[in-house]
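One chain, chain A, links the two complexes that follow: it is found with chain B in the first and with chain C in the second.
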Partner chain A sequence: MKMYSFTVAVAALFLLNQQQDAQNIIKKVEKNRYSDNKYVVSTMIIHGRRAVRKIKAKSWIKGEEKSFTEYISPARERGTKMLKIKDNLWMYSPSSDRIIRISGNMLRQSLMGSDLTYEDMMEDPVISSHYSSVILGDTIITNRKCWKIKLKARTEDVSYKKRIILVDKERFVILQDERYAKSGTLLRKVSVKKMEFIQGKWIATHIIFKDMLKRGKGTEFIINEIKYNVKIPSYRFSKSSLKR
Partner chain B sequence: MIIPVFAIKNTFRAGIKSWLNAFVLSLSIVSIIWLQGLYKGMYDQGTRAMIDAELGGGQYWVEGYDPYDPFSIEDSHGKITHVLSEMIKEKSAACILIARGMLYKQGRMYSILIKGIDPEQEILSIPSGILKEKNNGIIPALIGTRMAKNSGLKKGDIFTVQWKDSKGVFDAMNFQVSEVMKTTVQNIDNNQIWISLNTMQKIFNMHSEATIVTIKKDIKPVNAGLNWEFKNLDFLLQDMKTLVQAKTAGASILYIILIFLAMIAVFDTQTLSIFKRKKEISTLIAMGMTKNKVIALFTLEGMAYDILAVIIAAIYGVPLLIFTAVKGWKMPAGTDTYGFALGDVLYPVYSLNLVFWTLLFVFILTAIVSYVPSRKIAKIEPAKILRGSTF
Partner chain C sequence: MIKFILKGLLRDRSKFLFPVLTVFSGVMLTVFLYSWMNGVMTEIIRTTAHFQTGHVKITTRAYAKEEAQIPNDLALTDVDSLLTSVRLQFPDIYWVPRIRFSGLIDVPDEKGETKKQAPVFGIAVDLTGKNETENKILDIENKIVSGRMAVKPFDILVSTLLVEKLGITVGDNITLISTTMNGSLVMWNFIVAGTVNFGISGLDKSFIIADFSGMQKALDMENCAGEILGFFKNDLYQKEKSSEIALAFNSNYNDKNNEFSPVMTTLYNQNDLSSIIDMASKFTGIIAFIFIGAMSVVLWNSGLLSGLRRYGEFGVRLAMGETKKHIYGSLILESLITGIIGSVIGTIAGLAIGYYLEYKGINMASMFKNATLTVDNVIRADVTIYSYFIGFIPGICATILGSAISGINIFKRNTSQLFKELEA
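Then we have the complex of A and B:
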């Protein structure tokens, strides 16, 4: 009986230690990723059934709650703008010259035919506040040594109940993120193909988003340019800026 | 009495001219009755199908539910009150839970409505009995033929559905098509799948909740609680009524053309008749008949075409209308997309009311069209005509 109690205590201590380690890793990941203001020029490559489309956009991001994106190419998408403030998302389409609020089931629709949904854009990326974490082990991905960490939702209102992430041991960048449904079905997979050291931070500059229930190669997201701590005027995050 | 007898005799004496006029008029009468019957049949058939498969004797809607607002569907669910629960237990009502989801089939995704219904319900003509769970981890689903066609699903197919439960958590599971139902009611078919209510409440984390509670036909609605509002059939069938009214209004252009052609024929005949028979008119006036009586005679002659037309219409129209009412009218391809709950065959409905009002309408119009040229008789100077000069 004593031996059993001792084993349980050691196991509990080990688990607690693992959780603390995992939490520390997550905090470092977030510290590496977090910045007050960002300006990003990105290219989204959508692998469709018949053709590949490239969509280029400029984004201004303030913290985790505000972002403004303007699509600059191709011609069909040029001038389309998106504004995110907390849980609200508005979209401006120049062809209709109207601002529409994306809500309800529309959030789950594909973003410009990609594997990303509008909801994916809305997601709160602060992992530590929504998930408890535990290290499952070590692994190697794209020649990088990683921790395999399991994230479990702390509250009932988190989109994905379970996530399994692979975190680069040296650079503290998430190299792979598998997001699961409540039933255990793998829904989304985010894989990092390239990292770059920019302004003192390691950042994923080539990411592949894959809706695992859909066929295809997924959607590539390439960061062409990124600037941290840029000055963003406050009008940028207003609805009136969508029509400018 | 002499004037009507005279009028009928004169009409028959006119020979082929009268019969042609009457035939044209009969064509208008039969066409109008047939078209009106077709729209009446469309409404009756549509409402009957909707009541049987979707509306029952009316519906309780949870607060905030609006079938035409896709944004509100996610929040449109609420606890079933004690009153409604009792009605459901007594089999006087059936509840339906509605939520949105994404269907994945062959790597493509479709936005769909997921509807949960009690497999034991007997209120609606949906074959819900096949939705009982089989404990193999796959949820049995029922779809309609339109949904099957649009999504490429067929009986036995397994597909994945992804949704967000009431707490906002993503979930996905496999469903299997247990049956493809053939229904004329698009509201229970288009872009939607039906599953067992219990399963849906469980997987969506909406225990004891529903969106709609449909009551049995001929049951008196009661106050079901604050969050539930009763919608009667007048309200629920309003769209159908408006659609049929719009279609009927569109068809009235055809009635106007048909009637116009028939009336032109009557008008021309009357004008020519008065011109050709001016000596006869003058003689009648010279013999002591008042001008008004002569006008009445000619007006009645015109109206006699209408009586003849009714007889002719009865001869060929009644068998034709009965035949279409019994055999129905095969709907052309594409009618399914009109928004009506119609079948492949449409059965016209002819009521006595419809026939009576159509005949009365044509009768009054013929009387007016016959009277207008006859007024010229008042200007006739019999002495001059009989002497040989014209008026």
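Then we have the complex of A and C:
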């Protein structure tokens, strides 16, 4: 009996230790990713069933809660703007000259026809506040040593109830992220193809998003330019800036 | 002989009235029921063809597989040349391009902010072109309740219930939020040109009709269409002919590995309509079979009762030297006469009800309140040439069959026992 209690205690201690280790890793990932203000120029390459489309955008991001994106090409999407403040997302379309709040089912629509949804865009990037984590083991991906970590949703308001992430042991960048539904179905797979060291941070600059329920080769997300700690005027994150 | 039997029938009400009434009610019900069911089936097929399937439909192979999701990203491209080609190859058919779409209607307030939103689905048809085909097929002009027909590409017709729900009026600006052919979210402004009521519960709740050229622009579908529908010029679905057309068309585009190559599907092979069409074609046979079976049993039973009642009569006739065959024959002749009389008046009554319901119809809106089926709320009977025979022939057959079975007892009578039986 004593032996049994001892084994259980050791196992619990081990699990607790694993969880603490995983939480520390996640915090380091978030620290690496976090910046007060960011300016990003990105290109989305959408490999659809019929054609490949390139969409270029400029984004201004303040912390984790505010972002403003303006699409600059192709011609059809030029001038489309999106503003995210906390849990709200507004979209401006030059064709209608209207600002409309994206909510409800619309959030589950594909973002510009890509493998991402508006909901993905809205999701709070702070993993530690929504998921409990545990290390599953070590692995190697694209010649990088990684921790394999399982994330389990602690709150109901997240799109993915379970995630399996691979975190680079040296650079604290998530190299692969498998996102699952409550039923256990793999919904999305995110793979990092390229990392760059910019302004003292390792950042994924070429990512592939794949909607696993959709045919096609997925969506490439390429960061063309990134600047940290840029000055962003406060009007940028107001609804009136959408129509400017 | 016939005159003698007729006199006998008319003078003895019990010989005549019950069988004639039975045949009359059976034939009348059959004729009416057949015409009614025929009307229901025809209406389902007609409305579904007009709004969803056409008599034949051209889409891409990929679109055909995922049609329920309205996958405009898998739409037909180079539609203008495809239309020219099918119009040349099959000139007996009206060919119309369409785009089906769904999304949200957003109504702005004075500041341009969202006042109200509602989910919608709709079709984009050629409203502003010179071709009046779509107007004829969908009878749009006659369905306009207020406002006018769409005359500009971004004019839109909104169903009356949706107009009420959104609190909009003719002339208002509304924004359609949908997805383009590339899958991007699109917001496009339209003007409410008019309100329409198709009298179809499944449509009238949240339906809009837009102009095809306008919707092509809004959904980034230049020279593309979700589907091309074909309609026979007499507006009647012809199963064999449509199969021949589809076969001829598909033999020109037989690249099965190209999911974007066009494919033609007949109405029969869409929306599970095959079961309805098969049922409709078997319906005549089923009705005749049920009718003959049921009526024969009733008339057999009536013949047996009549046989019991006329037990003495048959005995006397046998005693007087009439042969069993002759009595049996006269019984059959009697039933033929009652069958003809019952069937004639039954058919007339059934046709009268059928024609009345073809003209007036029955409004079944309350039944279709939550139905997703595209069928007119007013269901009408459809009297066809078959309605004239569907009850008449089985009416006669059932009467003869009933008498023939019940009359067999005549042959069981033994002449030597007759007087004993009669004394008893």
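Quick note on the criterion: the second predicted complex is superposed on the first by the 244 of 244 C-alpha atoms of A that agree within 3 Å, B and C clash if a C-alpha of one lies under 4 Å from a C-alpha of the other, contacts with A are read in each partner's own complex, and residues count from 1 in each chain.
Heads up, the rule we're going with is that contacts are C-beta pairs under 8 Å (C-beta built on N, C-alpha and C of every residue); 3 or more make two chains touch, one makes a residue touch a chain.
This one's a predicted model, so the numbers in the text were calculated from it and none came from an experiment.
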item: Fit-or-clash call for chain B and chain C when the two complexes are aligned on chain A; value: clash
item: Contacts of A:Arg53 with chain B and chain C, given as first, second, both or neither; value: second
item: Partner chain(s) touched by A:Ile100 [first = chain B, second = chain C, both, neither]; value: second
item: Touched partner set for A:Val158, first chain B, second chain C, both or neither; value: first
item: First, second, both or neither for A:Met91, with chain B first and chain C second; value: second
item: Chain B versus chain C as contact partner of A:Gly79, first or second or both or neither; value: neither
item: Partner chain in contact with A:Gln109 - chain B first, chain C second, else both or neither; value: both
item: Partner chain in contact with A:Ala181 - chain B first, chain C second, else both or neither; value: first
item: Clash-bearing segment of chain C relative to chain B, given 289-297, 307-315, 343-351 or 361-369; value: 361-369
item: Intersection of chain A interface sets (partners chain B, chain C); value: 106, 109-110
item: Interface residues, chain A side, partner chain B - complex; value: 103-106, 108-110, 153, 156-161, 179, 181-183, 185, 187, 211, 213-216
item: Footprint of chain A on chain C - complex, ascending; value: 62, 73-74, 104, 106, 108, 112-114, 175, 177, 179-180, 182-189, 218, 220, 259-260
item: Chain C-touching residues of chain A, taken from the complex the two chains share; value: 46, 48-50, 53, 76-77, 91, 93, 95-102, 106, 109-114, 118
item: Residue numbers on chain B that touch chain A, as the complex places them; value: 70-74, 100, 102, 104, 106-109, 111, 160, 162, 164-165, 167-173
